[in-house]
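After this come two complexes, each holding chain A, first together with chain B and then together with chain C.
Up next is the complex of A and B:
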């Protein structure tokens, strides 16, 4: 593959994110890149097993991973929003149930986002 | 005018240049009183229903801010209904607030000057008599006031006086319209909210209902506390998350945003604490300390970073109330005095194991006598004082408490010499595992080499001899011969003259995990390669300022972080 194709693939290809309890999520690489930790894991320059298999194990329950990915999609979607566009952070906040917020906080800290 | 003048300030000079002197100020006052008297006639339509009319007019005119503060006397006020009165009051209040705003915006000096040194200028287009040539002329917007006044100059006279009538005066500062003020650009505005911060907001929203968070027990509260502190989001609102009556230990890594009340609450809500650690606890004050005197009866270990507001009396009361302290670790406390230390020793000398008085401004030789009374001190940190301790005092101290010491930090005591090593540490401190003697410029290469050569104590696990530029090859060889097999952390940053061969010897330190060889000029890629191959446990190595290290030794073992290579930011 030429560099150009690689770069194009890097934007649109799919990566797999797995949870501790066996759930698997397929997301665009752009979404996975919203997490710095995940981006480094999947960085092809790093030569990690995760990058080769394009699979990111996250040591969290499925429900936590789902929320992580929800935020990451949110971030990937709104990251390029102009200064005038409103980012519906409030709505996102309301979708986070307090029962998992502390676990999510730790996971987010680990994911560096 | 006589020729004798005293020294004058730059302001006086400037005022004289622009024509402001005692005479013009006096005239201004006269004008003002005159205009104040004239006002009723000038404003015949000013009815009682518009009490602030004067001010309105002044604002429209732009400059005469002098009249803004004039007392108002709204007549017929008594006839107003209560509601209307309240309305009026609110209005006035709002108006006043606005005026205050304007006052802030306005540069007080320029506001004064315009109206101060000129009688009000006639309207453009009207006629006036020139102050100098007394000819009648037409007033334009370029017409200038005569200096010294009173009156105005016609165009030829103004030109003749040397000033350029067309020169723009310093543009009067425009009042910002409210719309303008609102569009202040905040740079932070666009930073995308992190998931951590969103979670913290959710926590804050539910903080009064701890059950909502489910089973907290399984989670690592310490990690959560760290995550909050990382972004300085630990506040009085979310701190209660970490409080519980069963808590024995509590650590907060950035308590900057906690209020004194929150610290007091901490004491009341964690009555069973034995170990408390607060970093950046600046707001901690006397009131909190005195409440802790009663509210934390089981406390035996206290670690504070930055308790600089606490005064002597509060320390003493607290320490007397806690007679069985095992660890007392404070950093940066300029008010911790000898009396405070005496109180600590008097109440806890049999139990105290760990003592840290780091960056304590009042530390001096006198402090060491009470410390010497401690029965079994294991950890002693007296680093970075305002004034260095002396050799004799330190040796005397070590002779008393040295046998049990495992950790000693005397960094930054510039007056300490090789004698402390030879006559203090060598004979009296055989159990040391961790020794930190950074920035002791009096130490010599030969002295340190002799100490480690003769030392019969157990090998050190951690050694910090950074910024001791006099140390070199002999010292490093002796250190490695003595402790090389056990050393886990070594800092020899700033040993500029240490040789290549001695540095290569580092490769024999099998247990080494962190190494700082910054500013060791002989360090190069060959030595680096040997060190990386020899020290299999290495996790982190710092080579700041080693400009011969270029990173060209091939592959680096995974898991080793190398900081400070000039040609690369992170490798």
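Up next is the complex of A and C:
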């Protein structure tokens, strides 16, 4: 594959994100790249076991992973938004249950996003 | 949090601890192990998540320093290991064979690139799993991130003696090898150079700049010093230039392909200083292959290359200019020399008068040849200038200077150019199109431009033009006027005023003749048809007084008839006849048949002496002279054209080419020719003889005196008061379009004007006042 094709594939192919309680999520690689840790994990240059399997184990509960991915999708979606586009940050924040915020915070720090 | 407040009292669970609680030592041991595995290219078997978490945990448990140092050490160990296994074994063996050396150098460079690539990919992987450490520990502890650590360690452990020295030597060896014309593995060199370019020492200086470039430049300097001498010894000029240019190109491609762009300028400078500048003057003046030879052989490419190279160095253009000037001057002097050959022949002709006709034709041919040669030379250099020197302005003015200097070295250039134009307008232009005519004249004008003594040219041109007009020799009126227009453009209205006056006279005369014809038809016409051109004496370069001639009665009657007519129309004018300039048509009966002859007026007068003579009647030279009272040289000329030229109307006794005062003549009744109309052209000495030239010179000097005085008075009238130097400068400037005045002459003219009280000398003895 040429570099261009690689880049295109990297944007559109699917990767697997697993939680430690057995949930599995399929997301676009573009979404996974919103987390720097996940991006490094899946980086074909580093080529660790995860990159080969295209699977990112996240040592969190499913609910946390789900919320992380929701935010990552949100981030990936609005990453290219212009300065005049409205980004509904408030709505996203309101969708975070207060019970998990601390856990979420730690997870986000680990995921470096 | 706003949302939290709205929902009352939400229960926030504390986050779980990450990972199993194992000791830090165990974590490090595992991580260290994994790092070694990564360095052994086993990353695909390792979990990123696991190792990332190890590092994360250690940083989280305040063990960042231990992690950082441990990784440092592992990386350093690995680099040393790589060096020992990959680089040290390929250290040069010290073989003396050049090919061996080159191969070893290539191996070494390749090895370095291999361990560099290995190290870099390791550092990428480590950087990924240690990102949390970079982010949290490195920042707070103020230590460089792991990527930079990797670069620094490589710098410290690899780019050090002896490895570094071997590397630099290897690169230099490869470059030298390539300069010697062998093929080297450029990508191997580039690989290593790139590493050098990437690595920076503590001062931000790249290794390339610090270690490689100075050595490279030193090496290049010595190489090209000896290369320059070697080329000079073994090559001729075109070869030298070709090789030098290819050196420039190859060095340029070298910097482009595997060295730094920044080195290009320095290398170029070395090439210029060592290969080019010291040798340019030697190369350009190489006996059999230098600039002169290139010009001779018309090697445009070589000259273009020479120009390209020479403009690069500051000393180049002056050197090229000098050489060009010398070349032009040498060639020009050669041309002058050829025309000087004529000078000798001419002198002989004037002293002995043995063969003036042949000498005249010869000198004319030489004069034409001189102009043609100058034009050819000009064409040649124009072409070179355009094709090889990319129309360089400086060189153009330099060439012009050179042409000017040699053309003015020939003090007869003005006469020659005027003769050339005369010749072209008289016969050369027949059968050529208008554009071709224009091209020839344009070219002549470019040469004319170089003449400093334009007034001399004007005098000659006037003389030649007068002859063309009077004898009807001019081929095309348009061409004449075209030439006049060109001269006007070059030198201004004043220059051509009198020439235009001559054209005007021709036209007026035509009208006058029409009126005269009408007048004749109403009165009794004399026996001879007469056509008169009335010339204003100031416009035409006609000598006064006219050469005398006793006209036969018939002709006197005819001319009187016109005189009366003319003076009745313009009272107060004076008409002077110039029979020496006229021509006549006469019908002569020979034994076989009658022919119409067109002869000069003088010749007609001579012929009429024989009108009633029988075949055995002789007239001696002295008798003819007495009867016609034509002066000696004119008489000889016309007798010669009647008796010794192509058509022998008279018989000379004894026969021969030249006319002597002891000869006698008789009418050649046996003359026959297939032509009905015959034109007896006068044998004319078209190039001036020594005496005539002296006369012309005197007249020009006199004219210059008048012009100088007029100019002085004009200036002083305007300024009223001027210092001597200013006046001389101004006069020189104003007269420069016509000739180059000599300051001494100007001074003499000023004194003359003071005597005649146009000017007065002021009390300070340095300036003058104008006296109204």
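We adopt the following convention: the second predicted complex is superposed on the first by the 113 of 113 C-alpha atoms of A that agree within 3 Å, B and C clash if a C-alpha of one lies under 4 Å from a C-alpha of the other, contacts with A are read in each partner's own complex, and residues count from 1 in each chain.
Note that contacts are C-beta pairs under 8 Å (C-beta built on N, C-alpha and C of every residue); 3 or more make two chains touch, one makes a residue touch a chain.
The model shown is predicted, which means the values in this text are computed figures rather than measured ones.
When both complexes are overlaid on chain A, the residue A:100 reaches chain B and chain C alike. Judged by the touch definition given at the top, the superposed model places A:57 against chain C, while chain B stays out of reach. Using the contact criterion defined above for the overlaid structures, shared-chain residue A:37 touches chain C, although it does not reach chain B.
Judged by the touch definition given at the top, the superposed model places A:21 against neither chain B nor chain C.
Touch criterion met: A:45 reaches chain C, while chain B stays clear of it. Ranked by how many residues of chain A each touches, chain B and chain C are led by C.
With both structures placed on the common chain, the touch criterion links A:89 to chain B but leaves chain C unconnected. Contacts of A:68 after superposition: chain B is touched, whereas chain C is not reached. Of the two partner chains placed by the overlay, neither chain B nor chain C lies in contact with A:13.
When the two complexes are laid over each other on chain A, chain A has residues 93, 96, 98-103, 105-106 in contact with both chain B and chain C. Against chain A, in their complex, chain C makes its touches with residues 1, 3-4, 7, 10-16, 18-19, 43-49, 51-53, 56, 121, 124-125, 128-129, 131-132, 135.
Those residues of chain A that touch chain B in the complex are listed here as 68, 71, 75, 78-79, 83, 87, 89, 92-93, 96, 98-106, 108-109, 111, 113.
The touching residues of chain A, when paired with chain C in their complex, are 36-37, 40-41, 43, 45-52, 56-57, 59, 93-94, 96-103, 105-106, 110, 112.
Contact residues on chain B toward chain A in their complex (touch as defined above): 189-190, 192-196, 198-203, 205-206, 209, 212-214, 216, 219-220, 223-224, 226-227, 230.
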